[in-house]
Each structure stands twice: as C-alpha cells, then as structure tokens.
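Lettered A, B, C and D in written order, each chain numbered from 1.
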Amino acid sequence: GHSPLFILGPCVIESRSHALEVAHRIAEIRNALRISVVFKASYDKANRTSRKSFRGIGRSKGLEVLAEVRSRHDLPVLSDIHTPDEVPDAASVLDILQIPAFLSRQTDLLEAAGRSGRPVHLKKGQFMAPEDMGPAAQKISDTGNTRILLCERGTTFGYHNLVVDFRSLAVMARLSHPVIFDGTHSVQSPGGGGDRSGGDRRYVPLLVRAAMAAGCDGLFLETHPDPDRAPSDGPNMIPLSELPALLGQALELHEFRTGRVSDPAFAPSREAHP
Amino acid sequence: GHSPLFILGPCVIESRSHALEVAHRIAEIRNALRISVVFKASYDKANRTSRKSFRGIGRSKGLEVLAEVRSRHDLPVLSDIHTPDEVPDAASVLDILQIPAFLSRQTDLLEAAGRSGRPVHLKKGQFMAPEDMGPAAQKISDTGNTRILLCERGTTFGYHNLVVDFRSLAVMARLSHPVIFDGTHSVQSPGGGGDRSGGDRRYVPLLVRAAMAAGCDGLFLETHPDPDRAPSDGPNMIPLSELPALLGQALELHEFRTGRVSDPAFAPSREAHP
Amino acid sequence: GHSPLFILGPCVIESRSHALEVAHRIAEIRNALRISVVFKASYDKANRTSRKSFRGIGRSKGLEVLAEVRSRHDLPVLSDIHTPDEVPDAASVLDILQIPAFLSRQTDLLEAAGRSGRPVHLKKGQFMAPEDMGPAAQKISDTGNTRILLCERGTTFGYHNLVVDFRSLAVMARLSHPVIFDGTHSVQSPGGGGDRSGGDRRYVPLLVRAAMAAGCDGLFLETHPDPDRAPSDGPNMIPLSELPALLGQALELHEFRTGRVSDPAFAPSREAHP
Amino acid sequence: GHSPLFILGPCVIESRSHALEVAHRIAEIRNALRISVVFKASYDKANRTSRKSFRGIGRSKGLEVLAEVRSRHDLPVLSDIHTPDEVPDAASVLDILQIPAFLSRQTDLLEAAGRSGRPVHLKKGQFMAPEDMGPAAQKISDTGNTRILLCERGTTFGYHNLVVDFRSLAVMARLSHPVIFDGTHSVQSPGGGGDRSGGDRRYVPLLVRAAMAAGCDGLFLETHPDPDRAPSDGPNMIPLSELPALLGQALELHEFRTGRVSDPAFAPSREAHP
C-alpha cells in the first residue's frame, strides 16, 4: 500500500514564531517516523462562529510565514482559501489548496482552485452525503486538474453535534480520489460553545484508529503545544506531545489495512452514484 | 400585527423575458391581495450540485433585468450574493441582499453586506442550530446595519433530506429580527437527484400553513409558470397558478396568529443564547 | 370537516383524587368548548429513563380509577398497554388502547390490541419514517379491527432531542387513518435530564398551531395543575390553566383547515409506500 | 487484554436442521481460531416491519433447537426476549438473554432479565444517546445481576438509515460493562425496503475493523450460508464463507488495541453522566 499522508499543524497561524515553533516540532516527528507530512495552518479563519473570535494574521503575512515554514523545514504547506480572488496569491506559496467544508459546493472557488494546478484538499460539507462529493470533485477535475483529496470531517447530527459515518470512507474511495480523515473537526460541537464552537478532543484517538482500520489514505490533525490556550479549535486539537504516539498507531493500522485487508467496498467504481 | 412580507419569484433569472413575465404576474397578485412583495431571482447559482447545471445569466446582465423588474412593476428586488466583491454592484440595484445558507457564517461576506447599508436576508445554514443565528446576525449588525431578516429553510436530517424544526421560528424571533420561512428550499432533497438536487413540492402548502400559524413574519417562495421545466429547483417550486390561493391562506393565518395569539415563546429576549 | 378529537390528561395517574380532580376540570373544558375529549392517564410508566422514577399506581388500581373517571364525567378513557397479557383487563375498561412509541412495531402487542376490538391509538416510533406506519397499522387492521389512530410525536434528531417533521401528517393521512398530533412528547428531550427525560413546554403552543394548520384530526396533550411538581413528563406538560385558550386556538385552526383548505398532499392513496 | 467475545449466528432459527448446520460451521471456526463464541439465533422475530414477514419457529421449539446446539457443539446460546413472561423458559436454556434495541428501556423486561441471574446483552435503542445506557443498565444491575453486556447497533439518522457513532464505544465502556459492536444491524436500512427492512452488508467489514480498532470487547455478527435467501435481515448478514477472514482481522485489531493502545477515553468513570 501507499504510505499515508499526514496533514498536521495548528488551526491558525497565531504568529510567525508560534507557527515556526510548531513546524519545527512537526518536522522532527516527520523525521523520526519517516512519514509524509504537509504542514497546515490557516492564515484567515473566515467563518468563525462569532466576529469577536481571532481570525488570524491575514493573507499576505500568513503566506510569508508559510513560505518560511516550507523552506526552513522542507515541509509542504496547506491553507484554506475562501474566494476565487485569493487563489493566485495562495497558489504561489501553498502546495495544497484547501476548500473549507462550508464552501465545498461553491463552483467558482472550486474551479479557481482547479485552474491553479495545485492539488486541492476538498472537505466534505457537514450537510452532504458522501456520494455528493462526486459532482463537487468534478467541478475541480473538469478544469483538467485531477489532483484532488477528499476529506471526511463529520456530518450534522442534530444541533451542536457532528457524527462520523465511516461508511463514507468507502463511498468516497470509490470516487477514485485519496480520502483523508479529519480527526479534529469531527469532534467539533458546532456553535456548542455559544459564540464559539466547542468540541471534545478526548475522542480524537479512537476516531483516528477507526478511520485507519476502516481504510483511508491519510489524516488531517490539528495540534498545538497548549490547546487549552489556543485561539481557535482549542477544544478539538490534541497536544503536540501526544502526536507521535497517535501517529505511530495510525501507521501500524494503515500498514495492517493496506497489507492484509482487501475490501471490495473501497474498489473504485464507475457507477454514476456510488 | 404587522403585515407579512412575501419574497416571491423564480429560482433563477432564465432570461429577461422570462423574469419580466413572472414579475408581471407576481405584481398582479400583489395588487389583488394588497400585500408587500419583494421579487426574488438569482443572477448566479454559485453552488449548484453539479457544474453541468444552469448557473444563470450572470451578474451584470442579471442586475439589469432586476433593475427593469423593479422600475416596471414597482417591485423591490432581492438576489443572492456570494463574495464581498459582488456587494457594490449588487447593492446598487438590489433592495435586499440575500446571504445563501451555505455562506451564512462567512464573516467577510456578512460584513460587506452589512456595510452596504441594504437590508440583509440571512438564510440559516442547514448545519446550524437556530440560536447560532445570533452570532451570525451580529456580524452584520456590528457594522451598524440592523436591518436583518432571518430565514428558516430546513436543517440537515440524515442524507438527502431536510427537516423543518418549527421551534426555530420562536428561537430566531427572540433574536429580535423578523423571521421569514422559506417553503421552497425546506422541501429540497439535497443531492437527492444525483447530480442535481431533488425535492417534493407537494409539501410546500402544509409547511407554509404550519409556519404562518406557528408564527413568522413572512414567506419566501419560489414559483414558476411551469416548474417541471425549470432549470433549477424545479421539483420544489410551486406553479404560479397555485400561488394566489396559497398566499391567501397564509394571510388569513398570519392575521389569526398576530391578532389572536400571544405566545411568550416568541418574546424578544436578552439571553445570550436563546 | 369532522370535529377534532382531543386526548387530554395528566401523564400518569398519581392518585385517585388527583386523576378525578384533573378529569373534573377537563370535563368542564369539554363542556365549555363543546369538543370531543378522551381522558388520558397512564396506570404504568413502563419505560421510564430510570428505575427510580415514579411508575404509577399499577394496572388494577389504575383501571379502577379510569373506570370512575369514565362514569363520573362521561369521559372516554385511554391508557398505554405494554404486553399482550395486559390487553383483556385494559380493554374491559378503556375506550381506546394506546401503543407507546417504543413498542410501535411489537407484533404480538399490536395484534392483541387489534383483537380486543377497541380502537387503537398507535404512536409513531421515534425511529420510524412516517410511511413505515403503514405496515405497523396493518398488523392491527389484519385482525379485522380498522379503528386505528396514528400519532406523530417527534423523531430522533441527534441526541437528547426530537424534531417534528410536519410532512408526516400528510404521509400518515394518506394511510387513511385519522392522525393525532402529540404536542407533549414532541417537546421531550429524551434522557436529556440524566436519569430522567427533560423537555421544554414553551414550544407546545407553536407546535400545536402548526399541526392544526398543516392538518391533523386531533391533538394529544398532557396537562397538569402544577407541571413542575409532576412526577413524570413535567417539563413537557402544559398547565391546566392554559389549556382552554390553546384548545380554542386549535379549534379555530382546525375549522380553517378543514373548511377552507383542500390539500392534495393529504388525499388517501393506494400507493404501497406513500 | 481479555480475549474478545463473538456472538455469531443466523438472524432467526429457520429450522432445526438449518440452525444445526450453521452452528456446526461456527463451531469449526471457533475451534480453528480458538475464540470465545456464543451462538445467536432468534426463536421469534417479534418486531418485524410487517406482519407478513417470517417470525421464526416459536419459543418452545426454538429453545429445544438452541439446547441441542448447545449440547452438540458446546456452544453457549443467546436469543432475544420480549416480555417478562418469556424469561423463565428462556433462562432455562439460554446462556445470555438479549434485550432487543426497541425494548431497551422496558423496565419490567429488564428487571425480569436481571432477576433470572443470566448475563444480559442489552442493545442500545436506535433513539438513545450512549450515556442513556447507564440508567437502562442500572434497571438490571439493581436486581443484583451485574453481568451485563452493552451493545452498539447504530442510531437513527434521518429516515431509513442508521449511523454508528463510534464515540459511543468509549462512552459505554466508561459505564464499566463490556461493550459489543453489532456489525449487522448497524448497516440496516430500517423500513427501507417498504414492508421489510433493507440494508447493505458491503459495509460490515469496514465497520467491524473500525470498532475493533476504536475499542470494544466483542462483536455481534449475523451470518448465513446464503444471505440473499434468508427470511430476515438477509441484506445485512454476511455469508458464512466470509466469516473466518473477518474474524481473523478482528482478532488482530483487538490484540493491537488491547496490547498497544492505552486510551483514557475508555477508562471507567464514576461520573453520573459519562
């Protein structure tokens, strides 16, 4: 089996020094585990529950920081994009463009991302069935860019709660794109903190194990040296100190899954609606 | 009680003549029933399930048509906006700016809409609890623009289905903004048609009656001379020919509700989280 | 239109004197409003969240009290049944046998209820789609007893919450049985109170108005002189003092709905799966 | 770690010879893999979607068959119970009494099962949050019988669909009872087949892998020599021929999980509401 991809980093770029510090630690972990890592941090949190929340350091400063992370630590970098006009700047620095879940059906954004030629990490909307990612991904691939990663990050389940339907990993695999499991936003409690989103990081490891054993091609995990003080997604992020053990387990499960298990539910299909 | 607001029109501007024809009929209905009507039609369907779907005639041509509808029929006009850079153009023509449900938390868009000074029709995300509309609306009102309408349009309920939780009408009323019920998108079956969304217009009238009797300040209804041939949201739109009777019933129920019923569940509150 | 049926009473028989007092007040309301009323009270709460909760005064004593309510106030009486062996006793006193929602698919119970010859009030399981009430009702009607009422009482919506999908009123009406709306259990928060169920009676009136305007044939409402001191379903029950005004509004809406509105979504159908 | 428990068998006893044939094969698998197996088959399907469906061969004949399975193959046996009056007969033969999910809150049934002294396999209602299994299990343990297994089998997720929330495995583990994952009913599509339930066995293996890696103490799997001809739950059951490979993978994952992973989310707690 292919080796898995790990998209790792803090939710948001808090400052240049903070991002570089986290990137340094993540690069060490990468080197120790010999894994493929993409560094993730948002330069702009454009859809926070409330306007009062920290939004990040802005696009141009943020992209500078990410470029520095990239060159210093030889880490590919990923960040969210929100409107088509951000794409040229973003694509000039980022190795992967990420489409936020709420924007997973915005045609102009998907097409602009596609036309950039960069790989696109397309998060599944909390309001979408997994098979609906087919037409969404096609908006990108119709531009001629088929380097698309599909991401499971939980589905609306009543109010202030998400649930991960792991059947989606197979449904999306049948669309013939690699599937990433986002263990961080899957434990989010949207709006559950009143004017900020809550969450419960306690469940990240069990969901990560479930995803790797069920079958996926990589993980998206936000991490922070001190999550309880993080300005965004703190309740969902795992401490950096816990990351190596968790990634180690993920690797073993991935090896088990790709080496020992042949599961026809994941076989790419040409069905219109998998 | 105040008289209700009716936001009516076809899903999308199919052509100048089509929009004018529908507007003409809607103006007749307005005159006959002596009601407040805003004409709605999208110039751009930016988040269709699939790229192959009809997107509309484009912003500048679309805004021209809406301006013509406005002047010919003395109808205020409303359309969706998707990115902050659309706002100046849109606000130069539109009487009300509509924020699509998927974009209901995009801070930049909400702030740009707010700063335009135009009233904003904010649709509730399918992934949101009704109380979460408080911080979303505040992103607008913090610009100094408090002319905000909140819109219920159904909540994610499993895959390919939405459900209307009518308790939301009271929860949102307590946020002290008028509440509109969207009877069209509430019966949508998202992605349920494979590469287009399905729906079941059969249930529009019963949901409209329920909403007016429960308590809301207006209706949003898409309508079409021949919905089965409409390029977008056809399965959900009601035929124009059925509109007068339905609006008549809505009016009677609104009168009953505002004149005879005093329901403390709707009383504006200063709770942080209603 | 037919006049609606109102199933009214406290959740549980707390004592002989308590039940008679509530029944007395309900009979007065019936006489004042000239409506059809069935008195409801459970002799046994067989599925409380926790064993520590009050279960009622037991079957034989409970049935005696209901018989007394019946003869004193000329009120038909209804109560829940839980196992087939309860049916003979229950059917000797009760005018309508009620099948609790959790038990809505228990074949033996439904058949025993059917064979008693008594009308059966079949509550829709929180886990059921409305069309699934067709085969459930058929378990009763196959015994030759077609006097069946179908009841909407909310559907599982995430954890600790229910939502009422009012489309169900039409779906069940098409099954050709009268449809009752339960405004009390629809606002339940199952298990939400830890070892007891919570709820929010604030939303009962708005849901009742919605149901009557959408279209149903009757209401089920639990009521209590002092709900906050009730041993069961207190958070959901409305005070007896508020009942007359609410029933008056329900009557007006029912008259409007049956007299003025013709809605094909409710027309009985012979589809196998409406 | 403890070795896991496997509850295996056909959904229903179709005939003496059929049950014995399946049991024979299951005993062979047990011997080959050296695992703990309980044989499961229902003598009565008391809550089929429709009355026309096959219900089984009845209690007394069914218990005879299970007793024969038990003695011939040295297999402990498990079956569903539905009313308290079944318990004495059932407990005289069965090693484990199973409470169906719809009945998971029926106090009398839980108490009768508890008082039998037999271990009880308590399925989580499709309408329950995992923490609500605490008070349900306590109805059993208050009889002095604490040999209780808790079972995850999917939660209502819109209509005609269930979703497995794997966080529940940890929530229930914190209640200090072993947790079983039911991979068969988790892929059920309740009522989705019109007058019978549908399902999709394709997803059983991936959910089983997810459950074992996340963390559970055993599996419940229905299996059949020819599921497409089975009279009940055919769409969900896996073929007997695929069972050995799947159990082998489950064993490896269980070993990994119990030997290598220490997950505090599963640590028994004394919180009232975990």
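Rule of thumb we're sticking to: a contact is a pair of C-beta atoms (placed from the backbone, for glycine too) under 8 Å apart; a residue touches a chain by one contact, two chains touch by 3 or more.
What you see is a predicted model; the values in this text were computed from it and never measured.
Chain A maps onto chain D through a rotation of 180°, based on Cα atoms and reported in steps of 5. Counting the residue numbers used at the interface between chain C and chain D, over half appear in both copies, so the two copies meet with largely the same residues. Looking at A-B and A-C side by side, the one with more C-beta contacts is A-B.
The centroid of the Cα atoms in chain A and the matching centroid in chain D are 35 Å apart. Rounded to whole angstrom, the centroid-to-centroid distance between chain A and chain B, based on C-alpha atoms, equals 32 Å. Chain A and chain C have CA centres that are 47 Å apart. Residue positions 155, 157, 159-160 of chain C are each in touch with at least two other chains. Per the touch definition, chain B reaches chain D in the complex via residues 157-161.
Residues of chain C touching chain D in their complex: 46-51, 55, 82-85, 102-103, 105-108, 111, 125-129, 131-132, 134-136, 138-139, 142, 155-156, 159-160, 190-191, 194-195, 272-273. Across the interface of their complex, chain D is touched by residues 155, 157, 163-167, 169-170, 187, 202-203, 205-207, 209-215, 249, 252-253, 256-257, 260-261, 263-266 of chain A.
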